[in-house]
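In what comes next, subunit A is part of two complexes: it sits with subunit B in the first one and with subunit C in the second one.
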Partner chain A sequence: MNKDIQIKVEHVTRVEGHGNIVLDVKKGEIKKLQWQISEAPRFFEAMLRGRYYDELRTITSRICGICSIGHSLASLKATEDALNINISKQTAILRRLAINGENMQSHILHFGYLTLPDLFGIGSVFPLVGSKNNDTLLKIVKLHRLSNEMSDLICGRTTHPIRLQVGGFSAVPTKKQLLDLKEKLKEGLNLTKDVAKVTKDVVDNFPDFNRETEYIALTSNKEYAFYDGDIASTDTGVYKDYKNYDKITNEYFVPQSTALYAKHKRESYMVGALARFNLNSKQLNHVGKEIADLFNLKAVNYNPFMNNIAQLIEFAHNIEDSINWIDLLVENGLKDEKPKEVELKKGRGVGIVEVPRGMLIHDYKINDKGRCEKANCVIPTNQNHANIQKDMEKLVPEILEKPKKEIELNLEMLVRAYDPCISCSTHYLDIEFV
Partner chain B sequence: MKKIGIVGIGNPLRNDDGIGIILLEKLNNIKNNISGNIDLIDGGTGGMNLIHKFPLYDIIVIIDAVNFSGQPGDSNIFNLEEIVNKKIPISTSTHGDDILKVINLSKQLNEKPNRFIFFGVQPKDTSNGTNLSSEIENKIDTYLNILKLEIKKISEDYL
Partner chain C sequence: MKPRVAFFDFSSCEGCQLQIADLEEEILDLIEIVDVVSFREVMKEHSDEYDIAIIEGSIMRPMDEHRLRKIRNKCKILIALGACATIGGINKIRNQWPVKNVIKEVYKDADIEDNKFFNVSPTKAVNEVVPVDYYIHGCPINRDEFKNVISSLALGKKPKIPNYPVCVECKKNENVCLFELGKFCLGPITRAGCGAICPTNGSACDGCRGILSKPDVECVMDLLERYDLTYEEMKNRCTIYNTGVFNPKDGMTLVRRSKR
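Showing the complex of A and B:
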C-alpha cells in the first residue's frame, strides 16, 4: 500500500460544537492524524467566582443546552456537600426522575437523529421521511417528545430546569400528572423495543473495531448509577475518595485543542454509556437486559461504536426505572416539601453525577458569606478526547485500504459514537501576543 | 382567538438566507402593534425540534428565504399545498426542503396546526457573510407591513 490520502473534516457534523479530523498519509505512512477541538472556550468557572451559593446552579445549567439538568444536579450536590445539607427521600427520587428524563432526551436525540442515518447509509435524518423507515422515525419523534415532557413535568422546563433548588424542589408534580406520565412511559417501552428490533437489522454497519482501554463511571451497589455512586474504573476498581477526584481525571493540555484532555491508568480512558454499561451492566433492569441481550452486548465491550447501542439500552432502562420510581412516589404519597433551610458555613463540596456523555464533576469552594471562591468543572467530553485520538490511531491503519470517502465516514462515525458535546468541554485558549 | 406561531428560518451567517431570522427580530420589536395571538419562534435552520412546537398552534407562518424565480427582494405568500403539490416551482433556499419534511412528519402525527403559510423572500446572495443585499435591506419595512396585514387577516379569518 503506497497511497497518499489527505482528509480534513472541518467541522464534523451531527455532533454538538466544532471539532476537526485531520489525516495526512504519504506513500502509505501516516504523517499526521489528529482529533482537533477548535471551539472557543467559555470561562464558566471564572463566572462563578463571587456568586452566591444559590446562583451557582442557575449559572452552570447554562453550560449546556443538552445536559442542563445534569449540570444542575452536579452543581446542587457540590453546593449541598459544601454547606452540609441533606435532602429528603422524596427529593432524591425526584432528582433520579430528572436525571432519567435528561438521559432519555439526549440519548434518543443522538441515537435516533444523529446515529441511525449512519446505520441506514444516509447523510441526515431527513431522508427517512417517506422512506421505508418512516415508521421508525415517527416512533423516535414520539420517544423524544415523551422525554421532553418528562423533563418538563419534573423540572418545570424541558431545558434549563427551574424547580431544582439547593435542598429540594420549588414545586413537585401532582399524583395525577405522575400517573399520566407513567402510562406514556409504558407505551414508550413498546416503542423502544420496536426501534431496537429495527436497529438490530443494521447494527453490523458499524465498523468491526476493538481497542482495549480503561472505562470510568460511577458505580453503586444499590442501582445502575446515574445520580449517586462511587467513581470506578475497569482497570483499578472502586475509588471512594471523591473529593480527590483529580487523582482519577488528571486533566492536561494539548496544543491541538481548546479542551482539556484526561488520563488515568493508561494513556486515555472512556466515559459515557458504554463505560457505565461495562461497569454496571449487572444492575440493568429487566428491559435494559432484554435490549442488551438482543444485541448480545456483554461487559467488558471494547468497541467504541457500541456506545450507541449502550445508549439505546440505557434509554430503555431509564424508562422502566422511572416507572418504578413513580410507583414508589405515589405509594408514599407526594408531600409539598419546601427546600431545606440553609445555614451558611465555609466549606468545599464536590458533586458527581452521570450525565448522558459520562461522569460530570462540579467542585466548589464556598466562603462563610455563602459566596463561591473557586470552582472547577470536569466535563465528560474532556475525558473522552484523548480516547477518541487513540481510537483513531488504531482505526486508521486498519482501514487504510478503503476508499478515501469510506475512511472519512468511518472516522466521522467514530467521533459521533462518542456523542461529544464539544462546547461544554472547552476550557483553554493559548493566545500568543506579538 | 386562534393561536399563531410565527417561525423565522434561516442562517444569518449566509447573507440573505438570514432574512427569516432578521424579520423575526424586527417583528419582536413591534410585537405590541400586531393584532393577533402570536408567538415568535426562532426556528434556526429548520431542525427536528420544530416538530414539538408545531402542535401548540392553530396556524404556523414560516418566514424564510425562498427561491421562487422572482427578482431579488421580491416577496410572496404561499400556502403549504401550493408548495407540496409543486404548483409553484420553488425551493426553500440553502437548507433544502428539510422544513417540508418536518411538516410532513407533523402531519403524519395527525396534529395541529391545521394550516401552514409561507412568507418567502427571494434571496440574491446566500454565500458566507452577514450582510443583506440592498434589494432586501431596503424592503424590510415593506415585508413587516405585509406580515402585519397577513397576520391580522388570518386571525380574523379564523375568529
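Showing the complex of A and C:
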C-alpha cells in the first residue's frame, strides 16, 4: 500500500465562517492532515466593551444566525448573574420553550437536509422531490416549519429573537396561541417517529468508527439539561464552579486557525447532542427514549457519526418537553408580566446554556454604570475543532485502502456530523487538489 | 431568458441567507422567475456567469475587497443583503478602535504577525468598496421584502424601498409609543420596511435598517425634549448598527434649523 492521495476540501462548512480539510498522502504515508479554520475574525468580545447592559444580548445574538436564541439566552443569563436579577417562573418556562424551538429548528435542518442525503447516497435533498422518499422530505419540511413557528411565537422572531430581554419577556404569547402550537407539536411527534423509522433502514450507511474521547455538557438532576445545569464531563464528573469554567475549556490558539481551540483532560473533547446524550440519556423523556431504543443507542457511545442520531433523539425529546411546559403554563394561567426591574451594580456574571452544537458560555464584567468592561464568549464549535482533528487522525489510516472519492466523502461526513454551522446543512463542497 | 442570480457571503452571521432558506416551499416560486446559479447554502453547482449578484456580509479584509471587485465586474446588478452589507451594521462597532487593539483584546498575546487570516482592515459596508444598485435592509432581512425585490427585478421593474420612518408602520400596528413606556426607540429616524417588528414585540428599534436619508430633524428634537433625552444618548444608541453615521467630520448631523 503505497499510493499517493491529495485532498483539499475548501469551505467544508461555515463554522462561524469557513473551514477546510487538507490531506496529503505520499507513498501510503500521511504527510499532512489538517482541519483548518480560515474565517475572518469578527472580534465580538472587543465590540462589547463600553456597551450598556441591555445592548449585550442584541449584539451577541448576531454572532450566529442559526443559534441566535441560544446566544441571547447565554447573554441574558450572564447579564442577570452580574446584576443579581432573579427571573420569574413563567420566564424560566418560556425560555425553555425558546431553547427547545431553536434546538428543533437547527437539528431538523441539519439532520433532514444534510445528513439524510448522505444516508440515501445522494448529493442533496433535491433528488428526494418526487422520489419514493418524497413523503419523508415533506415531513421534514413540515417539522422545520413547525420549529420556526414555535420560535416566532415565543421570541417574536426566529432569527435574532426580539422578546428575550434582561429580566423577562417584552411580550408573551396568548393561551390560545400556545394551545394551537400544542396541537401542531402533537402532530409533529408522529411525523418525527415516521422520519426515525425511515432513518433506521439506512443508518448502517454511517461509517463504523469509534474513538474514545471526553464528552462535556451541562447536567442537572431536574431535567435533560439545555437551559440550566452544571458543567459535567464523562471523565471527571460534575464541576460546580461555573465562574471558573476556563478550568474546563482551556482555550488555546492554533496557527492554522482564526478560531480558538479547547482541551480538558485529554487532547480534545466533544460537545453537542452526542455529549449531552452520553451524560444525560437517563433523563430523556418517553419519546426521546423510544427513539434511542429504536437505534439501540446507549451511553457512552464513542462514534461521532452518532451525533446525527442523538440530534434526532433530542428533537423528539424537545417536542414532548415543550408540550409538557405548555400544559404547565396554561395550568398556571399566563400572566402578562413585564421584565424585572434592574438596579445597576458592579459585578461579573457567567451564563451557560446548551445550544444545538453544544455548551455555550458568555462571561461579562459590568461596571456600576451598567456598562460592560470585559467580555468572553466560548463557542461550541470552537470546543469541537480539536476533536474533529483527532478523529480525522484516527479515521484516515483506517480508510486509506478505500478509493479517494470515498475517503473524501467520509471526511466530509465526519465534519458534517459535528454540524459546525448553518451552511453545512445543505452546503456542498468545492473540491480542489493541493 | 430568466435573470441569473448568484449569492456571495462575506463577514456576517449568515442569518440573512437563512431567511431565504426559511421561505420553505416559496423558494420554488422564486426559482420560477430567476435562475439561481450560485448559492452555496442550498446547492453544489456554481457558475461565474450571472446577472444579479447578492452580497451578504461586511467587508473586513483586503482579500475580501479584491473578491468583491471581481464580483462587481461580472454582474449587471449588485444587491447588498442585510445590515452587515448595507450599512456595515454590528461589524462596524469595532471601528472605534484601531485594528491592533481589537486583535489584542480577543487573541491576547498569540503570535499572529505573519498570519494572513488576520490581515484585517476597518469594517466597510459594500458600497464603500463598489457601487451598489439595490439594498435589502435589516438584521435580519424581512423575507417578504426579499421576495418583492427579486420579483420586481425579474419583471424589469425598480423595487421600492421605503424612505419613511419605522413610526409609520408602528402606528399602523396600533402600538403604544415606546417613548411613552420609557424606552429609547430609534424608530423616528430609522427606515421602515420591517413592519415595525421590534416595537410591535415590545422592544425598542435599534436602527438596523439604517438612518433615513433625510430624518425629520424638528420632530426628533421635539421628541428628545419632550422625554428629557439627549442627542448624545441617541447618537450612542445609533452605534449598535450605524457607527460613523453621526461622525461630525464626514457623516450627517441632526441640528435644528432654527430655535423656536
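As a convention for this text, the second predicted complex is superposed on the first by the 416 of 434 C-alpha atoms of A that agree within 3 Å, B and C clash if a C-alpha of one lies under 4 Å from a C-alpha of the other, contacts with A are read in each partner's own complex, and residues count from 1 in each chain.
Following the convention adopted for this analysis, a residue touches a chain if its C-beta (ideal position, glycine included) is under 8 Å from a C-beta of that chain, and two chains touch if they have at least 3 such contacts.
All values reported here derive from a predicted model rather than from experimental measurement.
Visitor: Could you classify subunit B and subunit C on subunit A, in the superposed arrangement, as clash or fit?
Guide: Verdict on subunit A: clash between subunit B and subunit C.
Visitor: Based on the superposed arrangement, let me know which partner A:Ala46 touches: subunit B (first), subunit C (second), both, or neither?
Guide: The second partner, subunit C, only.
Visitor: Which holds for A:Leu137: it touches subunit B only (first), subunit C only (second), both, or neither?
Guide: In the superposed model, A:Leu137 contacts subunit B only, not subunit C.
Visitor: Touching A:Asn148, do we find subunit B (first), subunit C (second), both, or neither?
Guide: After superposing on A, A:Asn148 lies in contact with both subunit B and subunit C.
Visitor: Applying the document's definition of touching, compare subunit B and subunit C: which contacts more of subunit A?
Guide: Partner with more touched residues of subunit A: C.
Visitor: Between subunit B (first) and subunit C (second), which does A:Arg163 come into contact with in this model arrangement: first, second, both, or neither?
Guide: So A:Arg163 only meets subunit C here.
Visitor: Taking 152-160, 170-178, 188-196 or 206-214 from subunit C, which overlaps subunit B after aligning chain A?
Guide: 152-160
Visitor: Could you pull out which residues of subunit A sit against subunit B in one structure and against subunit C in the other?
Guide: 124, 126, 141, 144-145, 148
Visitor: Within their complex, state which residues of subunit C touch subunit A.
Guide: Against subunit A, the touching part of subunit C is residues 9-19, 21-22, 24-25, 40-44, 46, 60-61, 64, 89-91, 93-94, 97, 101-103, 105-108, 110-111, 115, 117-118, 120, 139-140, 197-198, 200-203, 206, 240.
Visitor: How about subunit A: which of its residues touch subunit C in the complex?
Guide: Answer in residue numbers: 11, 14, 16-17, 38-47, 49, 55, 58-59, 62-66, 68, 109, 123-124, 126, 141, 144-145, 148, 156-160, 162-163, 165, 170-171, 253, 255, 257-258, 260, 421-423, 425-430.
Visitor: For the complex, give me every residue of subunit B touching subunit A.
Guide: So the residues of subunit B touching subunit A come out as 48, 51-52, 96-98, 101, 104-105, 108-109.
Visitor: Applying the document's contact rule, which stretches of subunit A touch subunit B when the two form their complex?
Guide: Residues 113, 124-126, 129-130, 134, 137-138, 141-142, 144-145, 148.
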